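Chain lettering (A, B, C and D) follows the sequence in which the chains are written, and residue indices restart at 1 in each chain.
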Amino acid sequence: MDKTFPSIEEAIADIKDGAVIAIPGFFACGVPRDLLKALIKKGTKNLTLACGCGPLVGAVDEMRALVKNNQVKKVIDSYGLSRSASKGMQEPFEQAVRAGKIELEVFPMGTMAEKYRAAGAGIPAFYTPTGVGSVFEESDVTNIESNRKPKETRMINGQKYVLEYALKPDYAFIHAIIGDKEGNLRYSKTARNFNHVMAMAARVTIAEVENLVEVGKLDGNDVQTPGVYVHRMIKVSRPQFAITID
Amino acid sequence: MDKTFPSIEEAIADIKDGAVIAIPGFFACGVPRDLLKALIKKGTKNLTLACGCGPLVGAVDEMRALVKNNQVKKVIDSYGLSRSASKGMQEPFEQAVRAGKIELEVFPMGTMAEKYRAAGAGIPAFYTPTGVGSVFEESDVTNIESNRKPKETRMINGQKYVLEYALKPDYAFIHAIIGDKEGNLRYSKTARNFNHVMAMAARVTIAEVENLVEVGKLDGNDVQTPGVYVHRMIKVSRPQFAITID
Amino acid sequence: MSQKVKFEGLPREMIALRVSREIKEGSYVNLGIGIPTLISNWTEGVDIVLQAEIGMLKTGSLAEGDDVDQDLINASCQAVTALPGSSYFDIVESFAMIRGGHIDIAVMGALQINARGDYAGWSNPSRGLFVGNVGGSMDLCAGAKKLFIAMEHTTKDGELKIVNELSYPATALGKVSMLFTDLAVIEITPKGMVLKEVMAGLTAKDIQSVTGPKLIIAKDLKEIEL
Amino acid sequence: MSQKVKFEGLPREMIALRVSREIKEGSYVNLGIGIPTLISNWTEGVDIVLQAEIGMLKTGSLAEGDDVDQDLINASCQAVTALPGSSYFDIVESFAMIRGGHIDIAVMGALQINARGDYAGWSNPSRGLFVGNVGGSMDLCAGAKKLFIAMEHTTKDGELKIVNELSYPATALGKVSMLFTDLAVIEITPKGMVLKEVMAGLTAKDIQSVTGPKLIIAKDLKEIEL
């Protein structure tokens, strides 16, 4: 089951306008930058980028290019804006959010993680204590007021919980340090973050790997994402970037 | 944070009558046999053994001793009975279940796994498609008729789901092939099965390890159960057993 | 209910062989206990990956002698071998994989099945217990993209197993798409059971005589080719 | 609301030092951005384990020079080092750990806090957006066994941060147990805020003058010892 693709362009060729794409990465770390660059080049529009903790704050050049190209309809994230309020004001992304031209929907980070996991695990909905007592128990938290659908809460054993739903992206872009041709992946340290769970969650998972090895080179005990979750594989170079966010 | 205990007896000394203990293992594989033997020796009564896939069918000698000692009040499992109906009839455990002297509560295996995970992850309840259309959507499935509490179902996006709740054991007995003194664990192949999730789920997790190593010997990328979940560590020998079930 | 016609059918290995033909290369497959397990004898060299719910992808053949490892068993508690590309994971991941729609085909045995694709397999009332060994069967039914049943067409005593209404506790409702027996291959469609293939030497009428629901006879009805 | 008294308080490093004294050996601790992060400067050689929500246990000091690894950062996007016994895991496991009650203490910054232990920290209305960067703060509040707040007692302009009612969007309600500021240490009890320690040179009355809720003065009120 050789899942390698001859080029990154071919690996993303079928992504259509309007797709929902999961983008892992925790700020600068573990972001699938080559896949993002290929997506910019391809120019696909009306995208929903389903993130977890600010990969577009970390990969800010890619974010700026996507916004400049008018490719982004919506971002879902726990940390989608610049850390610095004053620097954020200068960002075309935040300006588009303020203008209501791009939707930004926010969930607590653990809820985001759990929503992807639920999608990957066939769990349609779950209760969580996170967000109780905040606006997150009242409605969806988005800059687009008309999309603030009320949320449901429930008392279980005397405690209040919020009902949250699975979030299933059409595609996931994954970055791994090593992968075999059948899609078994392994990550480096904290670059794992949202990569595994997004690979589980998406209908189609496309992984860029720094090291592409023959099947059998990864020990079965060392595989962190089993190949069943991964549909397409690309070899990329180790990315170069600044470990910083504004 | 040295979590090693001088003896297995001391590691389980505080377990009181009536405790709920999670027992991992998939039939014969990955069962914490030394901890079970110590529990038999200790003689603690009225126990609820929260299993996943037949560790007591696999570790049948330990099961027989527990039943003979009258230590077991209840077993929760997806596969608690002998595979062979005729051999099962001969088992004191099944006889006690038939007589209503021991309660056997059954859930589908994936639901069991998810119930432990939910407990470990702070999720009080979740919806699952598993069991819809069967008795598992109607009530708790147990031999004790008066304990068959009705279950709740819900339609989500046109599909029916069952509401299931977290299951939080007081203790978990864990078997790992290697562990460091701070409780970081790694399993061998399919012996991982329910071990990790039960370590997450329990209030107190006690791990027997075949190889006890110094802190730093396990690479951070190779840890499968982070030490935060593990409270007590014991060194044991590699268990000897027949890979078979009746 | 107690029609006692009984035909000598194909051996279990041949049912398994017939099922194996229905599994496309590139599939991730979970095989239940019984006849389904035998399918793996026919898939060597075929590019499919077997999942074992204990927490393994790409299980190899049964292990013997020095290859036996007590930490490497399949869901039937048999020692198995690994293959290049095998991976291990915990039970939560294993059932996420199953429930989450990542397994292409599950093949299960059954005690009873009806024309709506409902089937019963987890609990035999003859054991006389409300509880039973459900294992992972219901998760596989809920999550696998396709569910096949492989079983004997009738019981040893000639009791019908393909019935109008289940009398045994259901495992899942409306999930089965194909049924492979020692006598026939039947597709389950919204209109009912379509008889697609019969064992050499038998007629559609023979099959109907040991089948509860009225069968729809496929226009291209043919012999089971092995 | 606009009392403009302002005292010169302890430097941020000293607030962090005082918090560090409240963390028992053997604790698993998550430190938020800001003053909480500085606590790690005071815990070297202390047997506590720091969790980073990106997916790491036992983070070491900030990395410099050749030790910088782009695949090893903390939740503030700073390169960090590993220690013997460090482990990495994915984000789902990380938040299971946080939400599931496995972290003993979370220390967070705050914009506002009240006497019921409610606090606001995730969204500053001055940014003018309904949305904001919530990150993992609410999960930590929901799951950590104890929640401490470490912050300046008032804003730079002398506005109260310890208030009767939050005017900023709440992060969590009733979860904070201890509050550490540059002027005081306050315990949050069912009866209200108990002033336990004050900065040398200040009185309980001084603290009350920059605090919204009526403080209960501890019988053994003492100076913050550093």
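Rule of thumb we're sticking to: a residue touches a chain if its C-beta (ideal position, glycine included) is under 8 Å from a C-beta of that chain, and two chains touch if they have at least 3 such contacts.
Just so you know, these numbers come straight off a predicted model, no measurement behind them.
Undergrad: Stepping chain to touching chain, what's the minimum from subunit B to subunit D?
TA: Minimum number of steps from subunit B to subunit D: 1.
Undergrad: Chains touching subunit A and subunit D alike, please list them.
TA: Joint contacts, listed by label: B.
Undergrad: Please identify which chain has its centre, taken as the mean of its CA atoms, farthest from the centre of subunit D.
TA: C
Undergrad: Contact counts by the stated rule: is the higher one at B-C or A-C?
TA: B-C
Undergrad: Just curious, how far off is subunit B from subunit A if you go by their C-alpha centres, in Å?
TA: 34
Undergrad: Distance-wise, how many Å sit between the C-alpha centres of subunit B and subunit C, to the nearest whole number?
TA: 28
Undergrad: Roughly how far is subunit C from subunit D, centre to centre by C-alpha average, rounded to an integer in Å?
TA: From the centre of subunit C to the centre of subunit D is 56 Å.
Undergrad: So the centre of each chain is just the mean of its C-alpha atoms; given that, what is the distance between subunit A and subunit C in Å?
TA: Here subunit A and subunit C have centroids separated by 37 Å.
Undergrad: Tell me, which residues of subunit B touch at least two other chains?
TA: In subunit B, the residues touching two or more other chains are 114, 117, 121-123, 128-129, 187-189, 220-221.
Undergrad: Mind pulling the residue numbers of subunit C that touch at least two other chains?
TA: 56, 82, 88-89, 92, 95, 98-99, 142-143
Undergrad: State which pairs of chains touch, listing all of them.
TA: The list of touching pairs comes to A-B, A-C, A-D, B-C, B-D.
Undergrad: Which residues of subunit A touch subunit D in their complex?
TA: 26-30, 52-54, 58, 78-81, 83, 85, 88, 97-98, 104-111, 113-114, 116-117, 128-136, 141-143, 145, 177, 187-197, 224, 239, 241, 243-245
Undergrad: Which residues, counting only subunit D, touch subunit B once they are in their complex?
TA: Contact set of subunit D toward subunit B: 26, 28, 47, 49, 51, 56-57, 82, 84-89, 92-93, 95-103, 142-143.
Undergrad: Would you mind writing out the residues of subunit C in touch with subunit B in their complex?
TA: It is residues 52-56, 68-75, 77-79, 82, 88-92, 94-95, 98-99, 118, 122, 124, 126-139, 141-143, 169-174 of subunit C that touch subunit B.
Undergrad: Over in the complex, which subunit A residues touch subunit C? Could you list them?
TA: On the subunit A side, the touching residues are 1, 117, 119-123, 180, 182, 184, 200, 215-216, 218, 220-221, 223, 226-229.
Undergrad: Quick check on the complex: what are the subunit A residues that touch subunit B?
TA: 114, 118, 121-129, 156-157, 159, 161, 165, 186-189, 220-222
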